[in-house]
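Two complexes, one shared chain (subunit A), two partners (subunit B, subunit C).
Showing the complex of A and B:
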């Protein structure tokens, strides 16, 4: 995402997602959850959104996924409005915090369900499913029930489902937060590899600044709520990256320093001394 | 390292053995409970047959009457008619109640309209439906069918409606994000979530159907198991009356456990 007029992206970059003056408020009291955000996401970008709990990250994803209409402003996807597009609405991928697979359908049937809503003809479904399961390294689980899979394998299927519809962009809502650290580390590496291989546009929401720095090209930092953009940070680290790379720690420390006051976090003695 | 592995194996074996023993104990308790219940029932029956003679027949006399019935063509004719009536009422009530329950569960407007009617329907005693149906439609097949369908529908509908309300809303979001067609979302996402409730509703509907069919037949039909029981009662043939009731109950239990339980097992095979 690029704030309008930002120099982070070249002017000619084709924007997949264009948000203008976006505001969302809730309930009869019209409590503001998102306040006047102007942002753009270029094709093929890996963008992370970080913000404290309850700042409006999930509301933002709900708006970008078409689940919740904005109170004010515009969301354009590939140059066309996301809301009111009807049958012409773009295909989007969404990797939820929990996998949200249908437990009574096998992996193949779960994937066929999303293909049924795509433009892919049925005679190509099987080949597409095989290809995507190969990319995710889980071809052996094609006819397995989701409850027979581990947490990491289910999340891989969830990512496969998001990639399968050839979406304009993929939204990821803290998809690794429910996994153990070892699995999460493997998944982060694989997510980067999948993104590089498929050239997908990914908008990744996380509360972990380190995870954001490791994965993303750019990090959008939100205010404590109502959400608005505090900063748009480019990650100047070449790939492949290592999770324990000192450069990652350095960028992370810079962001932490930037958000400490903004998010109302207490400084440690070391930080206060520095 | 080898010692640690051996110790881990031993712990796993012990845990498995404890688990197996606990399972065996639970099975034994279950079987013992059933045996005690059946033996107790027979003992009570036997005592009553002595104390309330001749109105309560002895188990042996009842068994003889059952044996005679099983060799009689009239019994099978009555049984066939009753089964047809049970099946018709069961299918109609399950279908209408399920459709209504899904509609009321999904739509606020449908809920606002139907819920008060269903609440009233639940409160009306079943014999009232039977009497009103006979008054409205007359004595015949139609009265029983109408009465049973109206009596059972609110129960089925209520069970299904609760299940629709308790569905996983996150799956609704998933099918919306991926723009799954409504009929496909219903078939693949919503309907499977309702299966346990539908099976419960079917089981409930079936159990009530056969009980009410017998009452309807006793009140307003010249044939069927209910009419035969009522006729035996009028002629003070208590052995025959009890034998008819026991045979019918056993058959209904076999059907319920055999057919409905099989459907449930098959529909929920993904859980195993």
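Showing the complex of A and C:
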């Protein structure tokens, strides 16, 4: 995501997602959850959104996934409005924090269900599923029940489901936060490889700044809440990246320094020191 | 039922026969099981036996079908509207607490001992179990999967068929199992109280009235066999198929 007119965006890249003056408020008291965000995401970008707990990241994902109309502003996907007059429901992929696979359907049946909803002709289902499971390195689990899979394998299926619908963009809501660290590291590497291979546009929400630096081209830092953009940081590290790379630590430290005051962490540490 | 437990279930059934034998030896009216076994083939060869069984089975099936439909409709109504909940919770409570015999007498009086009366008794007694079971499921439903269905644009029909119904299936089964167990009990009561001329209850009552104790035992045997057949041959087969995904997690 890039603030409007930002020099960070390559001129030639078409915007997949274009947000203008987005605000969301809740309830009768109209409590503000998102405040006047202007952002754009280019095709094929890997964008991470970081922000403290409760800052409005989930609300933002709800808006971007078409579940919640904004109180004010405009969201365009591939040039068509997501809400309001002339709204068009785009194909979106979503990888949730928990896998949200249907436990009563096998991996193949879970994938077939989204294919059937995407109007893909049934004679192409098998080939599409085989291709995507190969990319995710899980072809052997095609006819397995989700309950038989490990946490990492289930998230792989969840990613496969998101890729399968050939989405305009994929939203990922802290998808690795429930995995153990070893599995999460492997998944981060694979996620990068998948993104490079498929050229998908990914919007990845995380509370881990290091994870964001490792994975993303750009990092959008949100305020403590209501959410607005504090900074839009381009990650200046070439790929492939190593998770323990000192350059990643350096960028991470810079972002942490930037958000300490903003997220109220500096004050908390000072209090702890006292 | 898993095949590894089948011998234990067979052993549990087999254990009934020594128990019967002991009861025969030490009580007055229990008939020698060997005597009953001797006349059983002739009893099963009679056309009337199967006709009477069929009549009772049809009454149970129709009543259960009605109970399921009514129970499901009421559960959704109660879940959707406060007004519906206020109105129907009264009827559900009444139906749950009404003794089977009284329900049978009332229904048969209202329907003048017609076939509809027997079906109505089963509907009245079974629907609250479906309602309560399904309501529990609807309350337990969380919105994670609904959200997934919405984001992937599954649409109403796919959502109902592939997300909602499978989620509610355990609750529906639980309600149905209770309803089904009670349906067998209440139909016999209704057939006896309604002085039915056909059906299992009628035959049992007739045998008892004339103190034909061998016939009483034969009809009891038939009843037990029927209940076991539907439990192991129908209910558990369907259950195993519908919930095979749950077993996959236990292996």
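Everything that follows uses one rule, which is that the second predicted complex is superposed on the first by the 260 of 274 C-alpha atoms of A that agree within 3 Å, B and C clash if a C-alpha of one lies under 4 Å from a C-alpha of the other, contacts with A are read in each partner's own complex, and residues count from 1 in each chain.
Quick note on the criterion: a contact is a pair of C-beta atoms (placed from the backbone, for glycine too) under 8 Å apart; a residue touches a chain by one contact, two chains touch by 3 or more.
The structure displayed is predicted, hence computed values, not measured ones.
Once both complexes are superposed via subunit A, do subunit B and subunit C end up clashing or fitting?
clash
Applying the touch criterion given at the start, work out whether A:98 contacts subunit B, subunit C, both or neither, answering first, second, both or neither.
both
With the two complexes superposed on chain A, say which partner A:147 touches: subunit B (first), subunit C (second), both, or neither.
After superposition on chain A, A:147 lies in contact with both partners, subunit B and subunit C.
Which of the two partners, first being subunit B and second being subunit C, lies in contact with A:65: first, second, both, or neither?
both
In the superposed arrangement, does A:116 touch subunit B (first), subunit C (second), both or neither?
After superposition on chain A, A:116 lies in contact with both partners, subunit B and subunit C.
I'd like to know which partner A:242 touches here: subunit B for first, subunit C for second, both or neither.
After superposition on chain A, A:242 lies in contact with neither partner.
Using the superposition on chain A as set up above, list the residues of subunit A that contact both subunit B and subunit C.
Shared contact residues on subunit A (touching subunit B in one complex, subunit C in the other): 65-67, 89, 91-92, 94, 96, 98, 100, 102-105, 113-114, 116-117, 145, 147, 161, 165.
Given the complex with subunit A, which residues does subunit B contribute to the contact?
170-171, 173-181, 184, 188-189, 192, 270-271
Under the definition above, what is the set of subunit A residues touching subunit C in their complex?
Spelled out, the residues of subunit A in touch with subunit C are 65-67, 89, 91-92, 94, 96, 98, 100, 102-105, 113-114, 116-118, 144-145, 147-148, 161, 165.
Which stretch or stretches of subunit C touch subunit A in the complex?
Touching subunit A: residues 144-145, 147-148, 150-155, 158, 162-163, 166, 169, 245-246, 248-249, 251 of subunit C.
Quick check: in the complex, which residue numbers of subunit A touch subunit B?
65-67, 89, 91-92, 94, 96, 98, 100, 102-105, 109, 113-114, 116-117, 145, 147, 161, 165
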